[in-house]
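Next come two complexes, and both contain chain A; in the first it sits with chain B, in the second with chain C.
Let's look at the complex of A and B:
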C-alpha cells in the first residue's frame, strides 16, 4: 500500500530541512520521497499548512523494570484517581505518576512519541523489564543495562584486569540483557551503601574495593567507546540532589577523560551552596562545562510541580531523601547484589523554595546549553514529573512570555536566585525537533528513525501549527507508526505493538567462563537462564529485537 | 417535590458504580438527564434509564430500591442531603462522604465509609469487612462522621481510622480497630481475634471482654467520666445506642498496642 502525505511542511533537522513544503510517500513502512514507478497512492493525506516531523524519541523514561511495579503497588491511589477507561480499540489502564504499561504506551503515542528507552535495567531483571516494555503498546522500546555497582565489575577492576576484559564483560552484558546502552548509577555508591557508606564522592575510595567512582566512569566510558557502542556511557552522577553537587558533576565530566559521556537528569546534579539557605543554582557552571566539551551530552530531568513518585537505583540518595516522602511511605532495597532500588513518592510544590529552584535550574540548563544536539528533553519520568508534562515543558521553552508568567508564580526567593528571568532564548520548532527526534536517534545510533529521509522507518508525527505549543504538542493531528496511522487528533485509532532496539558489539567469548563461574558461585540464576535469546524476545516476551549497527571498533 | 427514586429493573451480572447519584452531583438535573447518565456495567456502558426505573424530582432525597448487592459506591463523596437504600448496598458505601445521611435497610458490603470525613451512615443489617477502614494504599481510613450498624461487622473494622465514630450493635470480626490512629469504635457484641492489633491511639469501647494481642497492658478497672460524656452524646439515637448511659461509666482499661507506641485504649464495660 502506498500512502501520500501531500504538501506538509517538513521539519527534519537530521537532513537539514527546516520548513520545506514537500510531499512524502509511505511504502512498506518506510518513507520515500518519490512514488515508486507506476504506483499510485491508495491513500492521500492533504497536509497543507501542517507540520511534519519524525516520531518523537524519549531517551530516558522509566517505563519498565521492577521499580515501576513497586511504585505502582505502593500507590494504588495513583491508579484509582487517574483511570483511563477502555474504548472499542484500547484497553483500560490508569495512573499519573506511575501509569500502567497500557496507559503509558497510549499516552506516549497520543503525544506523537514512537520510541521510548528505559534507562535503568538491572541485568538480572532484564527479562522482566523487557516483558513490561513489550506490554507497553504503540512504541518501540529499548533499555540501558546498569553496571558500575555490580560486584563482578568492581571485582574485575580491583584485580586490575586489562581494559579488554572489561570491554568483553560490557559487551556480554549488552548481549545477555538485550540492551542498547550502559548506564551507571551513582557509580560505586549503591555498592558502598551496602557497606554502610551514606555518601561517596567522585574521588572517595569505596569502603571495600580499592576503587573510586572516577575509575568506574573512566573505565566504562572507555569500554563503550572502544566497543563502538553509539550511545555513550549514560551516567547518573554521584551526589544526586545534594547541595553543592555541581563540583562532583564537573569532576564526573572530567573523569571520562574525553571519551563520550552522557549525564542524565543533570538538573538534579547542578546545585550550589550559595545564599542564606545554602542551596543555589549551578546551572550556569554546568552549562558552560557542557558547552565547552563536545564529548558531553545531557538530558535535563526537568521538575514540574505536582504529585509524582521518584524511582531510582540510587538507594544511597533515595534513603537520604526518605523523610521528604509524600505521601509518607517509601522503600529501599537491594536487588541481587547488582544494584538497588529506591521508591519515594514526592510532591513538588511551586511555593517551596527548593522545588521552585529545581524547576528554574532545569529551565536554565535547557536555555544555557547552546547546542540542542547535546541536550535532551526529559523529566526523568516520573522522577521530575510524569512524561505527560512534556507539551507544557515545550511551551516553557518556546514561549518566553509564558515562561515568565510561570516564573512569577513560584517561590519569590527562588525566582530571585535564578537567572531564568534574564534568559531571553526561545526554542524554535527546529530546535525542539532536534532535541526530541534527530538528536536522540543520533546519540543512540538509530539510523532508521528520528528523520524523514528516504528509507527511514515511517514513524511520523503531523502537528497543526499553533501559537500554543502545549496544545500543539499535546494533541498531534496524525501519528504514523511503521507507516500505519495509529493516532488521529490525539486519539488512538489503531493499537500496535513495538519492537526492542538492541546493539551487538563483538567480544571475546572467553569472558563467559569467568562470568559463568561468578554466576554459579554467587548468583541466583546461572548463565543459561541469565541471557535472553532473540527467540525468547520474539516468542515469549513478545517484542522482537531489531539490531542496530555499532560504530567501527577502536583500538583498545 | 417527591423523592427521586431509582428502582433497579433486573439484577445485574456485573457490579455497577452508583457514585453519580448523590444530591451534589445531581443538583439541577432533570429526570431525562438522570436517565441518560452512562453507567459502567462490567466493561459495557449502559444508560441509567436502561437499568433503573427513575421517578421523582427531589434530588436531595434519593431512594434506591434494589434486590442486588452489586450497587457500589452509593453516596460516594456526598456532602448533603439524604440517600435511602431499600435493600442491600454494595462495596464502598459512602466512600469519601463529607456530609448528609445514608440509610441502608439491608446489608452493606466491604469498605463502607472508607475515607469519610463527615455525615452519618446507618446500616440496619450487617456490614462487610473493612468498615470505616482505609482503601489499599491509603494512609488513613475514616476521618470523621458516624457509622451505625445494627447487625454485625466483618474483619478490620476501622483499620487505619483517624477520627469519627463507628457504632456496632452486634459482633465485629477479627482485627477490630487494627492500625487505628484515632477515633472511637463501639462494639456491643463480641469481637474476634487480635482486636486492636497495631493500634497507635484511639478508643475501642466493648461490651464483651476481647481477645487482645499480648502487647496490651491491663490497667485495671476505672470510673471514667469520658464514658458518660460519650454515651450521653449518643443519647438521642435509637436503642441500643441511645440507651448506653444506663451502662454506667465503670470500665476495665487496656493500653496498647505496645509494639506501635501503645497509646490506644481498649475499654470494656464491667
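Let's look at the complex of A and C:
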C-alpha cells in the first residue's frame, strides 16, 4: 500500500531540513520521497499547514524492569488516582508516576513517541525488563545493561586484566542481555554500599576492591569506544543529589579521558554549596564544561512539581534519601552481586527552596548548553517527573514569557539564586526536533529512524502548529508507526507491538569460559540461563530483536 | 534457552517445582522411553517423573470426553453469560498470566492466586512501608549471619542451605565462619543436617510468640529499655546475645517463608522482621530474604503488576482494574457468592487444589489432576518446564528464568487455551 503525505511542512534536522514544504510517501513501512514508478497512492493525507517530524525517541525512561514493578506494587494510589479505562481497541490499566506497561505505551504514542529506551537493566533482570517492554505497546524499545558494580567486572579490573578482556566482557554482556548500550550507576558505589559504605567519591578507594570510581568510568568508556558501540558509556555519576556534587561531576567528565561519555540526569549532579542553605546551582559550570568538551553529551532529568516516585539502581543514595519519602514508604534491594535498586516516592513542591532550585537548574542546563545535538530532553521518568510532562517542558524551553511566569511562582529565594530569569534563549522547533529525534537516533546508532530521509522507517508524527507548544506536542494530529496510522488526534486508533533494538559488537568467545566458571562458582544462575537468545526474545518474551550496526572496532 | 526442539540442547534444566528455581539439573535419557531428571532435590525428581510419565488426558464437559473445541465453546458460553467471573488458581507461567490478564480485561473477571494469602502477607508490608531485601546470589556470597524465622524454610525450599545459606565458597568472608540462628519451635523439628552444628544456635520460641520476639529484638537492637526476658517461653539471655550479634554482623540475612507464617494478620509479624532489618541498616548492613514463588505466585503477581499496575486480587469488573487485597480474596468471593463462574488454573501443582463451590467451574489443569466432583469443564494443559517452554520467577522476584520443554506433548499451554478462549469471546461480542 502506498500512502501520500501531501504538502506538510517538514522539520528534519538530520537532513538539514527546516520548514520545507514537501510531499512524502510511505511504502512497506518506509519513507520515500518519490512514488515508485507507476504506483498511485491508495491513501492521501492533506497535510497543508501541518508540521511533519520523525517519531520522537526517548533515550532515558524507566519503563520496564524489576524496580519499576516494585514502584507499581508499592503505590496502588498512583493507579487509583490515574485510571485508564479499556476501549474497543485498548486495554485498561493506568498510573501516573509508575504507569502500567500498557498505559505507558499508549501515552507515549499519543504524544508522538515511537521509540523508548530503558536505561538501567540489571543483567540477571534483563528478561523482566524485556518482557515488560514487550508489553509496552505502540513503541520500539531497547535498554542499557548496568555494569560497574558487578563483582565480576570489579574483580577483573582488580586483577589487572587487559583492556581487551574487559572489552570482551562488555560485548558479551550486550549480547547476553539483548541491550544496545551500557550504563554505569554510581560506579562502584552500589557495591560499596553492600560493604556498608555510605558515600564513595570519584577518587575514593572502594572498601573492598583496589579501585576508584574514576577507574571504572575510564575503563568502561574506553571499552565501548574500542568495541565500536555507538552509544557512549551512559553514566549516572557519583554523589547523586548531594550538595556540592558538581565537582565530582566535572571529575567524572575528566575520567573519560576524552572517550565519549554521556552523563545522564545531570540536573541531579549540578549542585553547589553556596548561600545560606548550602545548596546552590552549579548549572553554569556544568554547562561550560559540556560546551567545551565535544566528547560529552547529557540528558537533563528535569524536575517538575508534583507527586512522583524515584526509581534508581543507586541504593547508596536512595537509602540515604529514605527520610524524604512521600508517602512515607521506601524499598531497597541488593541484587545478585550485580547491582541493586531503591524506590522512594517523592513530591516536588514549587514552594520548597531545594525543589524549586532543582527545577531552575534543569532549565538552566537546557538553556546554557549550546549544542542541541548533545543535550537530550528527559525528566529521567519518573525520577524528576513522569514523561507525560514533556509537552509542558517543551513549552518552558520554547516560550520565555511562559517560563518567566512559572519562575515567578516558585520559591522566591530559589528564583533569586538562579540565573534562569536572565536567560533569554528560546528553543526553536528545529532545536526541539534535534533533541527529541535526530540526536537520540544518532547517539544510539539508529540509522533507520529519527529522520525523514528516503528509506527511513516510517515513524512519523504530524502536528498542528500552535503558539502553545504544550498543546501542540501533547496531542499530535497523526502518528505513524512503521507506516501505519496508530494515533489520530491524540487517540489510539490501531494498537501495535514494537521490537527490541540491539547491538552486537564482536568479541573473543574465550571470555565465556571465564564468565561461566565465575557463575558456576558464585552465582545461582548458570551461563545457559543468563543469556537471552533471539528465539527467546521473539517467541517467549514477545519482542523480536532488530540489530543495529556497530562502528568499526578499534584496537585495545 | 528457549526451544521446543531437541531436549538434548536443553541441558542444564531448570526445575519449576519450588521458588528456588534450581537451574543445574540434567535430563537422564538412558532409557529414552522413561527420561528422568537427574540432580536436584527429591521433590524435583518426584514431581518431574510424575509429570513426564503422566498419561495423556482428554477434555471433559459434564464428565464426558469431548474435543478441545467443544470444551472451549462451553467455556466461552459460560464466561460470556457470567456477570462476575473469577479467574483463580493461576499456577501458570508468564505467558499464561499474560493471557489470563487479557481474558480478565476482556470479560470483567477478578484475579487471585491459590497462594494469595501467603503472597499478601508480604505485599501488605511492602505497600504499607516498603522493605529492604536481597537475592539468592547476594545472600550466598555476603551473609555472615543468617536468621531463619520458623521451622519450614529448608523443607519448603529443599536446596536452600546447599545453594544459598551454606555454599561451598563465597566471594566475601569465609563460609566456614558464617553463623546461623534458628528462631521457632525447633525442639519438635530436626535442625537441618546440612547446617554446621557448631555455628548454629537455636532460639526456641513458640510459633505464636515469633511476632513478639521480633518486636523485642528490635527494642534490644535499638538500645531501648526493653526487658530481654519479657517473653516467658523465650530465653532472654539468648535474645540479648542475638541483638548484639545482629549489630556486629556485616551482612545479616533474615529469612522467612510467608507460606509458613499462617497466623491471622501475619503481615504484622513480617513487618516486625522487615523493620528489624531496616533498623540494622542505620549502622550496618542487613537484608531480608522472603521465600516464595513455589506455585507461580511471584510470577503471576509480577505480570499482573506490570500489565494492570496493581498486584493480584485485582478485578476488571468495571471499565478498568480495581484492586482490593481484602475484598478480592478468592475464597471469600466464593463464600460470599460474589462470583458466578470460576475458571481455575493450575498447570503446576497437580494437587487437589480446586476449591469446592456450587457455581459453574471450568478448570485448566494438569492432565493427572484428580477431582472429588467432576467440574463442568476440564481442559488438560501442559506443565511449563516439562511439556512446553515458559518463564518463571524465582523467590527473590529479581530473576525470571526460562523453563525448557523436556518432552514432546500434545497438551496445550495455558496461554494457548486462554488465547483461543479470548478469540471466541471476541467473536461472540
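Rule of thumb we're sticking to: the second predicted complex is superposed on the first by the 556 of 556 C-alpha atoms of A that agree within 3 Å, B and C clash if a C-alpha of one lies under 4 Å from a C-alpha of the other, contacts with A are read in each partner's own complex, and residues count from 1 in each chain.
Everything that follows uses one rule, which is that a residue touches a chain if its C-beta (ideal position, glycine included) is under 8 Å from a C-beta of that chain, and two chains touch if they have at least 3 such contacts.
Nothing here was measured: the structure is a model prediction, and the numbers come from that model.
The larger set of touched chain A residues comes from C, when the choice is between chain B and chain C. Of the two partner chains placed by superposition, chain B and chain C are both touched by A:76. When both complexes are overlaid on chain A, the residue A:36 reaches neither chain B nor chain C.
In the overlay built on the shared chain, the residue A:86 is in contact with chain B and with chain C.
Once the two complexes are laid over each other on the shared chain, residue contacts for A:465 go to neither chain B nor chain C.
Looking at the shared chain after the overlay, A:522 reaches chain C, while chain B stays out of its contact range. In the superposition on chain A, A:533 makes contact with chain C only, while chain B stays out of contact range. With both structures placed on the common chain, the touch criterion links A:328 to chain B and to chain C. Once chain A of one complex is fitted onto chain A of the other, the partner contacts of A:336 are limited to chain C, with no touch recorded for chain B. Chain A uses residues 74-76, 80, 85-86, 92, 328-329 to touch chain B in one structure and chain C in the other.
The residues of chain B lying in touch with chain A in their complex are 40, 43, 135-139. Residues 74-77, 80, 85-86, 92, 327-329 of chain A are the ones that touch chain B when the two sit in their complex. On the chain C side of its complex with chain A, the touching residues are 1-3, 11-12, 14, 23-24, 94-95, 98, 102, 105, 123, 126-138, 140-142, 163-164, 169-172, 250-251, 281, 284-285, 287, 301-303, 305-311, 316, 319-321, 323, 389-391, 397-402. The touching residues of chain A, when paired with chain C in their complex, are 64, 66, 68-70, 72-76, 78-80, 83-86, 91-95, 98-103, 122, 124-125, 127-128, 131-132, 135, 151, 193-196, 208, 319, 325, 328-337, 343, 521-526, 528-529, 531, 533, 535-536, 539-542.
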